Each structure stands twice: as structure tokens, then as C-alpha cells.
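The following pair of complexes shares a single chain, subunit A, combined with subunit B in the former and subunit C in the latter.
Entry: the complex of A and B
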């Protein structure tokens, strides 16, 4: 540009920050490979559940959950803190999530982004006063690539730990390819002291459907997602485990009725299990949502049903 | 005179069972396998109807009920508008606004 920029107050300061489309073609992280398809599957629950979510400020949110069921009866308290450093539309860092129950068992996650490219995540879980699991993930997001390293349950005293490396790259506009290497080191529990599993991932995206799969020596996991209309989506998932010689195929759909504020998710699979979750917002102005869930196993002829109310 | 043969005393069930001798073995076998096949088809149909209906109750019924309710409400609103504003008002809005 041949214009002479004035040396005093820069005119750019008057413009609002432009949305950065550096990450427009980013494939996302490896863990989110099957996200679109898995979001359709219902999360069936049993018993009664009451959840109250309240935002105490624009950064801080708390959630109280009371659940009464034959599996677990108890109270859980959860908090979410979202920091003020904004890196994109809807993405602010640091993010801290924590969840405790009545006896003090806690699980916590801390996410932070450093600069434009690096993300760090800490996750920990305590059970009865002792740390049950802890993992650290560092991820670098380039323009087209995502590389991550996860170290889990590193126990230097007993010499055990898990390390996972992820790579996911956008190869063409529609095709993403990636790989994952899981390395486990444990002198006591693994014969030989160490083992590793390498798997490859591929995802093909079109505006209407997405096919994603991971292949490894221990199994194939493939997901197909189809968006029929704005309100109707289908998903098919195939999961196989060569070591245990079993495979499951699950079919699911999600249907919404926007006028009635209804979201219905249902699934059925080759283990003769049928499940569905039906959520309805009871009033357009008041924040009450009713959720009913049903799970039926035809082989065992057993059903589990749940009802929940979400406030806020 | 030759002595009468001993009169064979049979119960009613034995007499009925004896009637099957009038059919050849192949007919008897075919009837027997058809009837058992019929019973197993009946049992399979019972199970299939149960599986299909309970699966539909869980996977489809709540959505269909809510869809019917929403459609009824929309139809009622359209009917009310038609009564107030005339028959053209019930049609979906056409043209830019």
C-alpha cells in the first residue's frame, strides 16, 4: 500500500477486532474426531435427577445435581470458571471445571491457551482422599494440523504411566488424516513392562454427511453422521475389538421440534439394547427443562427409566 | 361255530388314536411338522411384535406425541387467524417483508 500511515494514533485502534480466520480450516483435535456423530447418541440415565444451574457472574457458573437411583444416590456440586482472555468467538481461556460429591471425591479440569497455538490441559480425579487419576495434555494447533501429547497417571515411584501422542492433519478440504500412539509403561501389570498401540484415523466431511474412522491392531471404530434437515440427524457407529472378538453397531437419530422446544435422541444397537432421551423445555420464558430417559435390553428383558428436571 | 374273537376293549382315546392309521405315514409326518412349524411361527411372531412395539414406544412415541401437539397448535393458530382476518391469512406468508 502506498498510503502514508499517520504516525500519531493508529487508525486500526478504532476498528473492532476482526474475527481471525487463521483456524478456518483447522480439523479440530484428535479426541473430537467422532464428536459430530457421538453428540447424537442419547445419554440414558436411571432414577430421578434434579439439576440446578446458575450463573453467578459472566465468568462463573455453579451446578447442583441431586440424583436418586438404585445405582447412585447423592448430591454433586459442580463449578465452571471461564476466564477473560478471548482467543476466538466463544472461546475464552482459562477454563476451570470441577465437580465434587458429598464424600469429597473430586474431579477437576483446567484448560489454558498460551498464545495462538498452544493449549495445556490438566485433569485430575481424587477418590477417598487419594489421587485416582491425573493427566496432562499439551496441544499445538497449527493452521492445518493438531499435534498433542498426553501424559497420564505418571507414577515415578512405582514406574508406571501412559503417554499418548496424537496427530491430525487436514489433507484436503474434505479429508483429515491422523495417527495416535499409546504407550504404556508398567513394570508390574504388563508382561514385558511396556506396550504400545498405534492407530490411524481418517475423516471425510461433506456438507451433508461425515464419515470418520480409526484403525488399529486392536480394533476398528467407524462413525457415520448424516444431517438430513436442520431438525433431523442420523448416526451409525461401528465399534469392534479384535482382542475380545466382539463388535457392536449402533444406530441413533436426533429429532428436534423447535416450536415445542423438544429434542429427542434415540438409539438401538446390535446388543438388542434400545435407549432414548426426550428433553422438553417446559416454558419459553422460564428456564425449566424436563428430561425423560428409557433404556431397554431385550435379551435380559430389563428396562431402566429415569426422569429429570433441569433448572437454569 | 367258530368262537368269537375276544372283543378288544379300548378306551376312547385309544380308539381316536387308532384313527390315524387311515392316513399314510408321509401324510402323518407332513401334518405333524406343519403344526409344529405353525406353533413356532406363532411364538416367533409374538416375540417380534413385542420387540418392535416396545422399541417403538421408547424410540418413537414421545417424539410423535409432541409433534402431534405442535402441529395441532399450529393448525389452531392458523384457524384462528383465518377466522379473524379472512381465508388468505391462514396461508403461509408470501413475498418479502
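Entry: the complex of A and C
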């Protein structure tokens, strides 16, 4: 007796991609085009800094920072809240970051995802009792495409503001192409009341190196990132401004020594500026990290030195 | 008295006689009144600034406190004001 197929058996069809695989080939956002290279560059700071980071739960953490420097002296309090709505491994929303100092200068960031495709980000900053900056970004993440619109410093009374549109698409497994349109309007500051700049972007990714570039009528910005080993990475950045007739090339590296719990980042550029940040975890069991920073411009004979302790 | 003489006497009268009923054209505010739309936008910006400067940080703290704290072992604990600094 032959087996009878169940009536409810559906004809053979391709299964829709699982949620975890849907964004497998996503190119990321346009703002993170040069991320791999920029992460290697040292973030030099000046003066003394003490930072205590306290994770009260997996969703809530606070940070206390005391800094003494010629540019910024005082206490800052920051807090981060991460919601429980998960849209992927390690991605929970909403994300809220708040940071304030003793003078009342506050910065706020809210990041939330609506559904599977839409992401909204708001950033605001107040200084001396006024709004210094306010920016809203809405991004649509498709399977191979990322489209975003940013509205910044919109002043409806004085008729000024800035709008930026981004598009980034994965063309092949290794090649991403994109474009950016920046539109700025201001009746008082800009001749003609408005201006716009169109840029194009390209990124070629291999397992060992990444080359990314943006180019427009105003300049070229190119980054090359090379991962030699798990503990050694290099980066080269080239920035040029055709209007100012200036160009700068910066070379940087990041070296890690896991046995000594050391991370070293250093850079030098064609303006004869050398910078480095040295971070060492003081104890494998206790969360104490020592950070030493130095920046020196040989031509101008100017330098900055900083030392910091990070707890947590 | 000529028209010129009369106008001169008006210009002289104003600083010397503060109680004068004559009006100086420069006393009038030449700034045009803000429209309802401009007033609404300005009020909205002020509300946004106040909300950002005084309300956002307490709101994030409220969300964190409402959720409660966790020890490294995963045990839930109550959070207090002192939890922000020590404990």
C-alpha cells in the first residue's frame, strides 16, 4: 500500500530566511564606513582623569568621571539604560545615554528600533542654558541596503538647518557602494541661502584588509585597514580638502599583548604630529586600567600629556 | 516759529523734560512682532531644552531603578540612591 501524502503538505518552496540570517550581508550604516580603520587611532587626552564605571545590572550602568586639565576640569556623571526589546544577538532597544557635568551641560542620546527595519536616533546637547546641538536620524535597514536621513540643528524661526541623506548598498560579497547628500540652508550665513554637497562612497572588504573611500567635489577621504594578526592591526587614513588645498595622511597601529594585558595605539601624520595611548590592566582579577596618553607636534613644538585610571 | 524751529524744539524738549508727552521715534521698537508660528517654535525649543537639561537624566535613572539591579551571579537586588556611588 503506497503512502498517501498528507493533504496539508505544501508544495516544495524555499523557506524565508531566518531572522538571524536576514542581515547577514547587511553593509552597516554609512556613518560606520571607515569604522574599522578609525577604531585603531589613539584617542589622546590631556591632564589627569579618573573614571569609575559601575554596572548595576545588565541593562543599567553609571559612570563617574573626574578630570583635571587646562581644557576641562570638573566632574561628569553619565548613565546608560538598555531596554529589553531584542532584535538580534546583543542588540537590545531602546538605548538611552545621558551625561551631565557640574555646570548643567547635558548631552542625551536615544536610540530605538521600530520593527525589523527602522531605527531612530536622537542626539541633543545643551550648553550654558541653550541647545547647542540637536540631531535626529531615521534609518531603514534592508537586507542589502541602508538608507538614512539626518536632520540637524533645525531652526524654524531663523530658517536654518542641515539635512543629510545616506545610501549604502552591498553590490557584491566584498564591494559596497554608497552616496551622501548634504544640504544646508541658512539665510544669513550662507550666500544664496543654501548649499549642497554630493559625495560617493565605496568600500572593498577582504578577510585581511579593508579599503574604504568617500570622494566629492570638495575632497577625498580614504582609509585602509590591515589586520596582520589578532593582536596587530594597521591603519592608514588620507584626507584632502580641495577648497583649502590641504591634505593629511595618518598612519596608525594597534598592538595588543594579552599576556601583559596591554593595548598600545599610536599614530603619526604628515603634519609631524605623533600621538599614542597606552592602556594596561593593572590586575587580571580587579577592574583597574591605567591609561597614558601623549601627543606631540614637532613643527609647532606643542605637546599634550594625559594620565588616567579607569575602574570598572 | 518755522517748521525747522519747531522740530528743533521737539528734539531739545525730550531729554530735558522726562515728563514730556512728546514721543521720540527712536523710542518705538522697530523689531517686528513674532508671528504665532515663531512663538510656538520658540516655546517648543524652550520646552525641549528644559526637558533635556533637567528631565532626561532623571528619566534614565528612573528607568534603571525601576528595572532593579543584578549581582554578578544574576540575583536581583533593590537599588537605592547610594547604589549610584558605592555598594
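Remarks
As a convention for this text, the second predicted complex is superposed on the first by the 293 of 312 C-alpha atoms of A that agree within 3 Å, B and C clash if a C-alpha of one lies under 4 Å from a C-alpha of the other, contacts with A are read in each partner's own complex, and residues count from 1 in each chain.
Methods note: contacts are C-beta pairs under 8 Å (C-beta built on N, C-alpha and C of every residue); 3 or more make two chains touch, one makes a residue touch a chain.
Here the structure is a predicted model, which means the values were calculated and not measured.
Touch criterion not met for A:133: it reaches neither subunit B nor subunit C. In the superposed model, A:266 lies in contact with subunit B only, and not with subunit C. With both structures placed on the common chain, the touch criterion links A:232 to neither subunit B nor subunit C. When both complexes are overlaid on chain A, the residue A:68 reaches neither subunit B nor subunit C. Shared-chain residue A:274: touches subunit B; no touch with subunit C. Look at A:292: by the touch rule set out above, it reaches subunit B but stays clear of subunit C. For subunit A, the partner that touches more of its residues is C, with subunit B and subunit C as the two candidates. Once chain A of one complex is fitted onto chain A of the other, the partner contacts of A:79 are limited to subunit C, with no touch recorded for subunit B.
Across the superposed pair, subunit B and subunit C touch subunit A at no common residue. Interface of subunit A with subunit C (complex): residues 54, 56-60, 62, 64, 77, 79-81, 96-98, 100, 104, 106, 108, 124-126, 129-131, 134, 156-157.
Residues 51, 54-55, 58-60, 62-63, 66-67, 69-70, 73-74 of subunit B are the ones that touch subunit A when the two sit in their complex. Residue ranges of subunit C in contact with subunit A, taken from their complex: 34, 37-38, 41-42, 45, 48-49, 52-53, 56-57, 59-61, 63-64, 67-70, 79, 83-85.
Interface of subunit A with subunit B (complex): residues 255, 257, 259-260, 262, 264, 266-268, 272, 274-276, 278, 280, 292, 294, 296, 298.
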